[in-house]
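The first chain written gets the first letter, and so on, giving A, B, C and D; residue counts start at 1 in each chain.
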């Protein structure tokens, strides 16, 4: 019995999985990145479906807006013409396939027995009542304040690191 | 401080002065320090000894200077004992040492290591005096080793020569074999009696009578074991069979050294030791028999080798071996007094023989082969006459020192009334024949007949070696002649204090020594003694005439004899192949074990094999494993992924 | 900890002796590398100062007690009950003094021999000194182990950086051998710690009695560490390599002090802590010792390398030491301890002398020498005396030690005593042969034109010469230090012997 | 209502594709993209569980994951640029200087 939510989910799942396969098998990195973009949008949509508007927004802003653009920049920065003719797959491709399949089998079989823990206080009603962003904010800035600060430090380090690494060393 | 301390410590002082300042300051004047020191020490010795000799109740000095080693129950001191035995030894040592010191002034003149020679000579005198004056066994051992060391230095005096440095080393090591037993003997004495001081040892040795001990699986009498172990040391030091091999080689040293160390004093330390430990030996008939038989065998063995040798010093060295055999023979039949008496007379005539030989060498430019000499009588009158006296004395010319002491030994051996005594007497008599023969052989070949070398050649040779050719075929300087004359006097008269009662004397020497070494049993009367004396004189004359016949009147006879008894000659000429025997049984196997077995196999292959093999194996394994680490991220990730899977799988199985 | 006795001096002398070299090493860090003379002078001053500071140990030592003296104790890591506890008794005090003395001589002998990285070299020397003294003074197992291992590092560097052509191999071999051994000891220490309920104090552990089987296992664990250091027979092969490749100062430190630590360990730990095991293992230990004596001696005949020969002779001489120790009687133990000092002096001196000549010729081959007695008479005289001391000539120190050891060994086991005595013959043979090949006979290829010892080198050898005769002629001055301590040790062992006897009677 | 198990299956599938991509591709950029896929798979899981558990902790965690992903992308891409500048390649199997 295919209800609307089920159909909605199946559509997203199909697109995400299908495009993921396409992404990892494209020769041209630009294509991969663009397929990735579509995947991200679908994932964001899935988040909305799961009542996580804020995460969905972040998914689009950060992932689609920032990270993928960064990827594109890099791909454009590098001269990848040789890539057109080079061998696409590494020596571990068969091993990767075996590993991925067996991993999937393991995961799928274990997840079947997954039992949810006790429910928290943020039911759908509560989130609708105080809006999702506010709910996230309340938790993030109280209970998870310290990790949040650490995350900001991580970002700072990443910025400094990225600049240092990518900077062209001038010999003087 | 008592005056007797001057006796050993003056030479020690001379040693320090010479060795410290000799090389840079004293140089050729070293004798001005050494000779006065030894002379004073000699005078003090004579005073002390004469005082004892004259007194009816001699005062015996026995004092500890300080405690040397003390550990648990073990205690040994540096101390001095001067009794009758020591007094005799003091006279022998200091007198001969003084004369040799004086002789060396002339003999060693102009040598590069003049100061070194004198310092070691003084050190030797000190060591020998410490040996004879010790009041405990450990100090005796100290002197024992110290004289060996000086002997090592002085034999190897010409250390540039391989043969000389070899000989020194050989002397030291062979002696170490003897000292091995000696040391164990000291340890046995301490472990059984709890002391190493003479007085206490001799006082309590009787308590060990009849006690047994198991050594290496053999049941042995304790006293016999101790006595035999001590005797090992004596065998080494006094060059008795089978450890005699070092003495002939020791002749590589300068001749005064041979006279002092290897004839008069150091080599007699073994006899002194046996006499000193007579209370121990007396309690063990087995050990006594061993001593007597060893002495007898050495006497005839060394005497026979001396028959055919050509090197003048080696002949005298074998003669020394042989004479030392007599002394042990005497000790072995209980006649310690006679043994010491012979030691005392032997010191004079044997030192004289060596110094005479030195004088001959001096005149011959260092030549040692008696077949290249001859007719030196006219060129070297002093040497000739003194050498003659020494030869007469050693071969038993009536009433000379050697005759009296040797006769006493043979008589006491004969009269001891034991089978061993009779046996060694026979051997001793045969040896006496040999002695007379080879002594005169040397004498005739050296001084009589015609000169058998080319004087011009010798001169050339001397110049080539940077020597003064004017010495050649000339009598030595006065510094060398005086000791010869004094020793000749000694070789004649030294025996007169021990003239036996049979000849109307009182044998004062034997009585003097009695408190220390006791008196041997005598089972024969004067009549027997007269017969034996007559026999001795006959032997002397026989040996003399035979030598004269062979080397003066009938020159071809020697060669004919050598041809006729070619095997015997071959055996004697090669000294019974004892050196070779040791070479093949001790030196070669040791070197083989060292080189091939230990270095090549057990250290090299087994231990190092494991030691290096384990790291090498680890290295190889890790070298193999290293290939996993190939730098490929994919490979790492794959391995990681499969490892994760494996962990999950294990988790599944173990759930 | 107060019952240990009080420090008669009123100041922490042992800490001073340990940390003055460390302070000196730190000061050296701040000296300009280019100022070589100042560096050397500084090292010399520090080492001499350390020696002078250590002298009260000699003069103020109370010979009438076996207890620890000059003790210091501070809680260090209270959580684990680790204390900074120092003290010396009759067994260890001589080694502290020997260490401080030898270090001066090492500095002197390296004066011109070491030219590259000399700042680091002297720092390493001073650090080795500190660690060595620390080992001998520690009364806490934790502290002991730290010093024990700390010493390895600078020593490893001394061999590996300033050594001969094959130095890296030798250094690594040295390091691995000793490390493998000491790891087993670490396990042993941990076992002791847990068994005692959390104490590292050597004195407290000493007072406990352990079950027989545990004693056995721990004895062997400690044996692994100590026997490598000594070195005893099957694990001796690092020594020739380390000795021959190390620079002169390194060889001297190794020979004089480092390898004494193994024997010291037996005396300080194996015997008092595990007396029953020690008594039971006596035959094995005596056998190994005698094998070392004879084996080490015979192998000397095949050596062509000067330093290797002396190194193997060390194996032989240390065999005497362990023989004396495991004879477990007064003469053996006193002889063993004295012989440790003696061997430090003699072999230290031999390596100093060899170092002096190696500095001139850069050859260790015996065949390169010959006739040196003419070229360098003073050197020959010094070498002769140390050679004679080494072969145990009476009136020199080697004799006293060897004699007491053979006496003790013979009392413990006749056959072992007899076999050990053959070592004396062998020793004389190879040392005199060595001397003959170097100093006598014709001048060898490297002998010509050598200069004799200079004042600095004589100054380095002279103190040892004095000690050779001092100990040789009046050993009581030194035996007196250990007398009471050895007596105490013997009492512990006798108790064990009695229980063993009682057990065998049942 | 869509069961949680479906979300988890989806997440597992995407994750495994990411694993496959990471192992199979030589191009270092594609490997990075694969990593991003895996991170997203995790995020899907987190958000889904958070939703079903009615607890925000999962979403907060996914928020951090996104943060770290951003940092990782920045650093990683900087490394790629630096590497490409030196090696003129984006193929990971040609970069094996770090082997033992």
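Annotations
What we mean here is this: contacts are C-beta pairs under 8 Å (C-beta built on N, C-alpha and C of every residue); 3 or more make two chains touch, one makes a residue touch a chain.
Since we're looking at a predicted model, the values are computed, not measured.
Set side by side, A-D and B-C show the greater C-beta contact count at A-D. The most central chain, judged by the distance from its Cα centroid to the centroid of all protein Cα atoms shown, is C. If you average the CA atoms of chain A and of chain C, the two centres end up 68 Å from each other. With centres taken as mean Cα positions, chain D sits 7 Å from chain A. Mean C-alpha positions place chain B and chain C at a centre distance of 37 Å. If each chain is reduced to the centroid of its CA atoms, chain A and chain B end up 102 Å from each other.
Residues of chain D in contact with at least two other chains: 19, 22-23, 26, 92-93. For chain A, the set of residues touching two or more other chains reads 90-92, 95-96, 99, 103. Each of the following residues of chain B touches two or more other chains: 632, 634, 637-638, 641.
Contact annotation for chain pairs lists A-B, A-D, B-C, B-D, with touch applied as defined. Against chain D, in their complex, chain B makes its touches with residues 626, 629-634, 637-638, 641.
Against chain D, the residues of chain A that register as touching in their complex are 5-6, 9, 13, 16-17, 20-21, 23-24, 26, 29, 32-33, 36, 39-40, 43, 46-47, 50-52, 54-55, 58-59, 62-63, 66-67, 70-71, 74-75, 77-78, 80, 82-83, 86-93, 95-97, 99-101, 103-104, 107-108, 111-112, 114, 116-117, 119-124, 135-136, 139-140, 144, 147, 151, 154-155, 157-159, 161-166, 168.
Of all the residues in chain B, the ones that touch chain A in their complex are 632, 634-635, 637-638, 641-642, 645, 648. If you check the complex, the residues on chain D that touch chain A are 1-2, 4-10, 12-27, 29-30, 32-34, 36-37, 40, 43-44, 47-57, 59-60, 62-64, 66-75, 77-82, 84-85, 89-93. By the touch criterion stated above, chain A contacts chain B in their complex at residues 90-92, 95-96, 99, 102-103, 106.
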